[in-house]
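The two complexes that follow have chain A in common; it is paired with chain B in the first and with chain C in the second.
Presenting the complex of A and B:
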């Protein structure tokens, strides 16, 4: 029971030690966290990937894919069709797709969806998906696999997906007569990229957003015309905040299959590609089961297709340990940067939200816009046959699944196509950052207790004329209890008030964050009606105005709320609470989306470590340090981070531009980024924007308050 | 004025939260609603009862028949009043706790005056004064009214609201010396959730202390009244269920044998899903003894002079170790803690416990979401969080007990803790 018994005797030493070393200790934790993260790229610290799910039996079948002829034919016909009829429109060749799928004897359906654009002047977008279901001969449509390809028009600035669609159709033709399918296969072509995918998934799973209220939960007990006073109507008055309406109307599906086990998204613009990039990052940074990712990589190898993940290329196997390490780090950083925004980097990402494992296979040429990998020109190009074989082996492997993917890892980082880092290995780096924050909080907590000592110590001495000299051994704890047990009446009143004040300030700040979260609609409306600006401009400047307003207003808030002067202790308590909240947020966010949590922690831990309660007085140096701290704090304002990040990013992309145009480009990019995050949050349920405004912003505001209030210690 | 404002704000917050769109989400959270107390199951049971189907025949309803009938009539006649009713009941609980803490604090004062000559000279300034004591009960009120745990519990309209009211009422009855009242309420609470049966020990001691006279006679009287009340309630319930005692298997039996392993913040579900079936009985017994019997006797022997502390600790321990705990129970015993404000300075693990409470409260829903909705995490994550939540609570209770002993010791022997001129160390044994 060592932990639970009295550490009082040791506590003095312990407290002094903590006071002396908490600064270096926190720094050490911070540096340790970063080093730990970088070490993970090293081969010694990560693991070779392996299959946990034995049922997959990857690559054990003899490949029979023989439809390369027809894939070429589909490819040419499809391109011809686009050239002829859809050259200058964005529409999808629905009739052609339906006709082709019907000819293959699939069950073909179309699916219409509507988007009421949430910001702006109520634009409405419509779209159509086409899908065909291959019913499994061996079971009764209880489970399904999905093969999907997004449709991109010729005028689109992105690479087309014609070869992907052609391959899909050819594969359907090949798979149709086979006897071994135990799961239905759904072949899906979606319009408008992720929008179509999201709509189809919502429709497939029959999502509805109407939550049950208390009165509807009463069921037959509740009769709307019940006599006496109607509390329900009072409830409507309370209900002003809940007017949430859905902007994406997914419509209805006419045909369905069973529960979807896995999905493969194909993005091939041409059959002659150099290598396949396997994309895994999904909505809110969610990842597919590692088994599926391994499966895809392994079967690519088996079918003789080169494959890559971020900075790791299957054909580049160096023996130089240093190179391997740096490659690993770059791959991890690539994954981190892809996951932070929480935006899926392919249609597969939307499946994850529904508990479906999915990956995207993107075909890349030697001169792909994503970057030119080394030695790419020496690679043999793939063709429809190899791609078809790969797809066949993947689907036949998935066909063997006996239960959903549940083994292996869902939380991991990839350091190469065949190296991974599990949650137990990467979590310590985030935990170390949180420990740094908490140690800081602990040292403040101990200081509050001690600060309280000194003053009453004197009064105690004065009161007790006895020779009750506190000896060396007397613990701080005990003297502190004297403080607490003999405060004057006035002091009690004050401490009581302070809790109310702290609580009120806390609540108010978080409420402000909530208001900011819901403000873009208002900004967009104001911008449209009074200034005739597009919504991204009005939202961006609206948020800037709101931030400036908050920067000037919030430091005054604690003063407005109270009558007496702010005490050192009170502000320290706010600071401690804030640090605990920050650590909690980092951990919780890190559980969902590790890169985002890590980045928040890496950015805000330095601020958390330098911010402390400032007292008035002190020389010039003091003033300068406070000024520097405030500048650091301002730099870490969420909006500022986005803007600075975007400016830097555009600098990296276009290094030849001069400063002014770079800033302009960065501003435009920031506008777009903010707008996208808001729209994503409204349509897809990406919570980056919500976290940034409703959680990070309030935390930032309280940091700012603490930095701006200087306590008068002399009174 | 400020007090009325507190009640008003707390009431409005509860009432408003019942009417927001997220009510359903709140009411179905595993942390708040267990198979025992959830509103959904209550309504299901009442519906079945209304259609002349015995609700205990299925596996959906586990409340006591008295509650069944009570809510049947409430829902039949005045369903629209229920949100307001739950709010008012919760406010009433807060009020009763406030009164109870006032009475208890007077008892502290009395016992302190009695022991005054034992207090060593240098510890005199540690004695409690009036303003401090007055403040403590204010804190009890505020904590119950604004603790997110109790607010959410009330908003989800669980039957734990009523459970808390009954326990608060019985404590209040005991603190003011109303034997019948205290026994009736504790019998009611026991009838509803079984675990409050532990409370009869501190209540008996309290009653004996408050009503001066023969202690042994008082104990016997209290026990007798309690047993009679409980028996009567069991009989009434059987009468409601047409003379059949089958319901006992679905209420007490359900609590004791833990057949429903839906995850909650307790420690039972995980162990029992992992366990081999033929060891089940053994482990059920072990766990229930831990929850019901293990701590009563040693704690009673040690703290028989301090029935209030005994009551606090027993409520807390039975919350931690019971088979279907929810955060409403946690909120209830947390409201009792401010009575021991004068011990806080002796507590060592305040910071750790505080951090653990905050972090686990945030992480619990997070990993639940990852497990159930995203399908990426699994049961171990959630259990890990609930386990650390339980550990934090145990730390809190142990720390409180030890702080009490330390204070007692310090009062008697002075602040300089020395043995033969060397600094000594207190150890909890």
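Presenting the complex of A and C:
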């Protein structure tokens, strides 16, 4: 504070300079951040991928996979079994899988889990996973690799995974007699998509629902008193029935292996595919180590399989720099959009939370719903042999690992299958956005301090001149100048900024956010009891009601909390605190999940730059400006962003529909999205919903308060 | 006049000598007068992906053993047990070639230091002879002033150091000092120092003890590369330099007349891809004239006698029973330093 509270510093050069240029500077930072981000797509600004881990020895070994015949057989038998016995049910053919795995001389176990659906009328879902362990012949079972495939029934709307399961079984058959495995291999078929995976992983790591501490034979990696994450307990508070447990009961595993080093998830619907999409994004935007991603891409090349990542296709290598750049940008944007929601785009994504590196290999046809890449019809189709060879070489390479993946990057963006951007290269764009916010905060702070130095007459002069020419072209600038010059008269009599009042308001707003975070349980209960609505509808409308309530209530809050008038300094201080909080939130969220942090910063920085303490009076133009600012603020309400985003998205997906049905579809999608994010947060520990309600919403409320309160400057 | 002629003749003589590659080393000094041969073969790196280093050192071991150095005079240090690594698809074997003709980890391999015993401390203690008293003979370098020692090191190195295991490294200065200690303690006659690592030549640049001939697989700033992959085992199986050294050594027999200078030129840059470094300024003999068996073979002193030796008539040893009567010397502690006499300053 020494420098900043120096009474003479109003005359210091940099302060004057800051006053003059902070507006353009902030704009420049904002534009610079966006430009920086787009430049990262260019080849000159990103790097070629490389292996950091020596132990992998990728692709040195000759492939011996010879089980394509039995893969075909498994595939046909599996489909036959499904059609015969499981045509009209969602159940998994557990007996068949157990029988097949037993025949391959694996240690076979089944694993039951239960989901107590957290919202709604207490539905209970049950599921079963089947897994077989191939024990490494010459070591103790201290380490393991996982090959997994989700089970999808015939009636499922998603692509099936029969070929993936068949390939997995055939690979198990091939691998069982080999003597070079240094790690156990666990072959796992999960039910109910990610739910089964989550349950299996929690059970494997000893996270039972009844146990408070998670001590396992591996030692504890989970401190008992860690706050958050156990969202089941959060629900407890609002559960009137009592006795509510964690919603997912993972049950217990009958057989275990060692610590899992890596996992490969297979999603092949048919043996004849055109190319493989390598999916990496996990829970909360976590990524697998770059070495594993490189490994998979490299071994796909070696096995003669076409592979892709988002917009980057291995068979499309253009020489045209511009095309390359735009492809890079689209690939990055695809990755960013996949990470924002924090929802894993495959079963691999749940492994990351346990420190296990995992990717999903998804087989795609020419007419895949994900889109039709260029020149895909000219590609040769892959068959079981090639897929098996790829899987074999990946696993043999992983088998060589001596330690967990740790050498390469965990935080990166991919611009192509073979180009990456490290955290050091992409963080500056987020930092620039935060710099813009902080420069704004600094200039506000300087202005508060400066007030005392200026002579009162000058301000009066300014005021009168302003009043003379209302609606002048640069009235905006004027008003800003006025903002800083006005309160000096009062400065002497009431220099006491009531920190307590500000603090109480600040705290209360954040408490409100916390309440909103926990409200869906209540909404769902009320909706189910009184209106007989499904929980998604009741939660959606409940949140809308809550938001409207907050919009009208919160601007009054600071007045309720204090007896006197709100002073200009106080509100400025609130604004400064708010800006600092916003910058901190963006940076800290960005450290964990860069795309989410970036998007928050990109959306809220403009708002942060235009919001300032408003005073009463002023011409028509001022009123319009303030109105526009309020509209912008309302548009940036988290709920509003989701709804608008979903409407736009459905517009993109179904461009032929008329406006009304588009809005309806968007509303339904928004409902679904919000419901999913809440359920994800309760079951998987996805913190998008929590960040949005407990952090972003309070920030938004304070912005709204600042915009709605107009300081009466007529002393 | 006479005097000037003499001078002239002297100058001509000196000139003549100079034109003939400097001062000729007398014949007598061209011959080694070593009496025994030792070899210290060290693989400093562990882990499956360093299979090639173990293969390197075992191949050299095989060669020196074939050329006549007995196991008792070979100290073999191997950091990891590749043969029993669970990743090895050929259990209990180590090969040094993709053809897999020779199992270099055969039945008669005596590893003296294995696993975590291969440490910088043990290596330096071995060289300087400062081993703990309970060290078995097989782990001691029992050399004397008549010993020619072959030192072969392989592993991962950098500029001025060689990494041991995954945790420590020996610097070139430490190694040079250890060799100097050996010289001062008369632990060697001559040393032939071979090192196959990246930036290998940095390791011998600090040597300052006499009678050392050193060669390295690469110069400072260069990497030593592996030769080829055995795709059945799935590893790089041998390093380039050692591969060509072996190719050369395979044609050497205990009676061969190959010289050290031939050995020093086994791996031209076209084959090694790195420049082989040689340091000969500490070595007083001319490598052109030094037979390779001075280091790789073993001296087996054979005295041919024509006269029969009467082994029945053993000369009786004279009993040296001196000092029997003398009382053993009594040792006492010195009197304490008279501290009480000193004034303590306040």
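By our rule, the second predicted complex is superposed on the first by the 623 of 715 C-alpha atoms of A that agree within 3 Å, B and C clash if a C-alpha of one lies under 4 Å from a C-alpha of the other, contacts with A are read in each partner's own complex, and residues count from 1 in each chain.
Just so it is clear, a residue touches a chain if its C-beta (ideal position, glycine included) is under 8 Å from a C-beta of that chain, and two chains touch if they have at least 3 such contacts.
Just so it is clear, the model here is predicted, and its values are computed rather than measured.
Enquirer: Which partner, once the models are overlaid, touches more of chain A's residues, chain C or chain B?
Expert: B
Enquirer: Considering only touches as defined above, state whether A:402 meets chain B (first), chain C (second), both or neither.
Expert: In the superposition, A:402 touches chain C alone.
Enquirer: For A:182 in the superposed arrangement: first (chain B), second (chain C), both or neither?
Expert: second
Enquirer: Once the structures are superposed on A, label A:352 by its partner contacts, choosing first (chain B), second (chain C), both or neither.
Expert: In the superposed model, A:352 contacts chain B only, not chain C.
Enquirer: Once the structures are superposed on A, label A:139 by its partner contacts, choosing first (chain B), second (chain C), both or neither.
Expert: Only chain C is touched by A:139; chain B is not.
Enquirer: What is the contact status of A:55 with respect to chain B (first) and chain C (second): first, second, both, or neither?
Expert: Second partner only, chain C.
Enquirer: Between chain B (first) and chain C (second), which does A:587 come into contact with in this model arrangement: first, second, both, or neither?
Expert: Only chain B is touched by A:587; chain C is not.
Enquirer: So which positions on chain A get touched by both chain B and chain C?
Expert: In the superposed arrangement, which is not itself an observed complex, chain A uses no residue for both chain B and chain C.
Enquirer: Mind listing the chain A positions that touch chain C in their complex?
Expert: Interface residues on chain A, with respect to chain C: 54-55, 57, 60-62, 136-139, 178-182, 396, 399-400, 402.
Enquirer: Contact residues on chain C for chain A in the complex?
Expert: By the definition above, chain C touches chain A via 47-49, 84-89, 91, 229, 231-236.
Enquirer: In their complex, what parts of chain A are in touch with chain B?
Expert: So the residues of chain A in touch with chain B come to 1, 4-9, 11, 211-215, 217-222, 226, 228-232, 235, 238-239, 241-242, 244, 286-287, 352-353, 355, 404, 406, 410-411, 438, 441-442, 445, 460, 463-464, 466, 468, 471, 473-474, 477-478, 480-482, 484-486, 489, 492, 496, 503, 580-581, 583-585, 587-588, 591-592.
Enquirer: Quick one: which bits of chain B touch chain A in the complex? Just the residue numbers, please.
Expert: Spelled out, the residues of chain B in touch with chain A are 15-16, 18-25, 27, 39-40, 43, 46-47, 75-76, 78-84, 121-122, 125-129, 131-132, 135, 138, 146, 157, 342, 344-346, 348, 351, 354-355, 358-359, 362-363, 366-367, 369-370, 373-378, 381, 395, 398-399, 402, 406, 410, 415-416, 418, 423-428.
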